[in-house]
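What follows is a pair of complexes built around chain A, which joins chain B in one and chain C in the other.
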Partner chain A sequence: MSSSNSANVGIVIVSHSIKIAEGAADMVRQMVGNAVPLGWTGGDVDGGLGTNVAGILAAIDAAWSPAGVAILVDLGGAETNSEMAVEMLPDDRRARVVVCNAPVVEGAVIAATEASGGSSLSAVKRSAEELYA
Partner chain B sequence: MTFDRAAKERLVQALAAPMIAHADELTSLDQAIGDGDHGLNMKRGFEAVLAMLPGVADKSAPEMFKAIGMTLVMKVGGASGPLVGTFFMEFGKSLPDAPSRADLVAAADKAIVAVKARGRSDAGQKTLLDVLVPVHEVLAGGGDGAAIAAAAADAAERTIPMLAIRGRASFLGERSIGHMDPGSRSTSLLIVAAVKALEFEAGS
Partner chain C sequence: MHDANASRAAETFMPLTASAVLVNPVGLHARPSVKLTQCAKSFASKIEIALAADGPWTDAKSPVKVMRVKAPQGATLHFRVTGADGETALAALLALVHDGFGEG
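Then we have the complex of A and B:
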């Protein structure tokens, strides 16, 4: 799920709850409009609370940017599944996707704000992770 | 050990059966110290693996384990999907169709290293590694199927007094003590089922 296209770093939001993922995406849109490619996903394959690799891969695809994609996750399984998804990406994409160690909502908003200014993937990740520093 | 088509089919059925039969138990263990989805997740994953029969048993050992691992990664969800799926995918990578004890030990060793990397974890943190690592030692030491199964069950029991350091249970801190780790329980069930299905002999 996504919208927008741009050369800026893309943002992916992965939550156990699709409502949180969607709500965080709404907050990102309110902050940066369509300046960054955005994808989000939540829920297990049956639609319950959880995360799933296929959904994460689709969200990365939706938020794809040549500048790379920063993923924001909520709890444990979201992180493990996101790392798994990154590993399953084609070689030319894998090195350009990072999972940020940051709170999902605040991290997504900060990362998107940073990305909207044209910052590099590493700068976007750093800004999000400063929230935990 | 022969790992022909019949043995492969037996193994897949044997692995799926306890995940389906023990789903409620695994869920209640997970409700105590996690998010309560482990039983349902593992059941969903292994039902999908079971549905890969009969075709999956026609594959070579590496291809079969890769397919099973990938299905678990995609279907289980939670942190367990990537962890258990990674184990299967790595375990099969260099496995011949008539594996010796040394082949199995080497395969398990590689799979355990991959699970540690995936979870950034090690034994002693109240995870499935607390079953995998001691079972690997018994396997490497030449133990028979009964010894391996006993080691798996004992190892899961030994997670009860442990403090969780990784995973959702770590949020509970000391309240994680006194409960069996659900991932260790499911892993021990899978190992017990596997050795029974493959009629593991000592030193074979």
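Then we have the complex of A and C:
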């Protein structure tokens, strides 16, 4: 589900489909490398298409970095469940997790590229959101 | 932080320019763009790229902007580098392009 090996901002991918989440994570690893903590999750609790808060919390935990975590989501529920997961985080972590308004695959690659250079959480979010600008 | 460094650097250093032809088969597509951006970000200098010697110039540290340049194979990539580590940065960037971004 993840690997994490640096103090750079972490990236979390949340898709309705575990295959998309995993595939996007593969793209990040292959294109950007291993300098960024990465977590991903997809599917509802029964393994169907959807998202679930527990899975998102686990992915945030897996990608955790003291510099914070940027979450990339696909449609509707992925965003609301991600926001719910952020709400449920302990106080000291909540302020260091953001949901980006960016396409999930491209956003994950761009956010990870930005994060791999040691950029701050706000710079990572801003860079991913340039995709919709 | 980059911006502050870049503007301070711009007051003190003359911009260095150089160009290189993109030799890798698909040009500056996604993967090379990421590598270029990562390389650029590893230097404090302000680094810009363009497809013509007189611009328009694109911030080489922005992965989204670099991908939007959509430079094809055979295109000449121009660099403009301003800052204390400009010479090292320029050498590293040119090496990356000459090397086809490691894609052969």
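By definition in this document, the second predicted complex is superposed on the first by the 133 of 133 C-alpha atoms of A that agree within 3 Å, B and C clash if a C-alpha of one lies under 4 Å from a C-alpha of the other, contacts with A are read in each partner's own complex, and residues count from 1 in each chain.
Operating definition for what follows: contacts are C-beta pairs under 8 Å (C-beta built on N, C-alpha and C of every residue); 3 or more make two chains touch, one makes a residue touch a chain.
Values in this document were obtained by computation on a predicted structure and should not be read as measured data.
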| item | value |
| --- | --- |
| Room on chain A for both chain B and chain C (clash or fit) | fit |
| First, second, both or neither for A:110, with chain B first and chain C second | second |
| Chain B versus chain C as contact partner of A:53, first or second or both or neither | first |
| Which superposed partner A:32 touches (first chain B, second chain C, both, neither) | second |
| Contacts of A:76 with chain B and chain C, given as first, second, both or neither | first |
| Chain B versus chain C as contact partner of A:127, first or second or both or neither | second |
| Larger contact residue set on chain A - chain B or chain C | B |
| Touched partner set for A:7, first chain B, second chain C, both or neither | neither |
| Which of chain B and chain C A:44 touches, first, second, both or neither | first |
| Overlay on shared chain A, then closest C-alpha pair between chain B and chain C (Å) | 26 |
| Shared contact residues on chain A - chain B and chain C | none |
| Residues of chain C that touch chain A when the two form their complex | 1, 30-31, 34, 37-38, 41-42, 61-65 |
| Interface residues, chain B side, partner chain A - complex | 35, 37, 40-41, 44, 73-75, 77-83, 85-86, 118-119, 166-168 |
| Interfacial residue positions of chain A with respect to chain B in the complex | 16, 44-46, 48-54, 75-77, 79-81, 83-84 |
| Interfacial residue positions of chain A with respect to chain C in the complex | 31-32, 109-110, 113-114, 116-120, 127, 130-131, 133 |
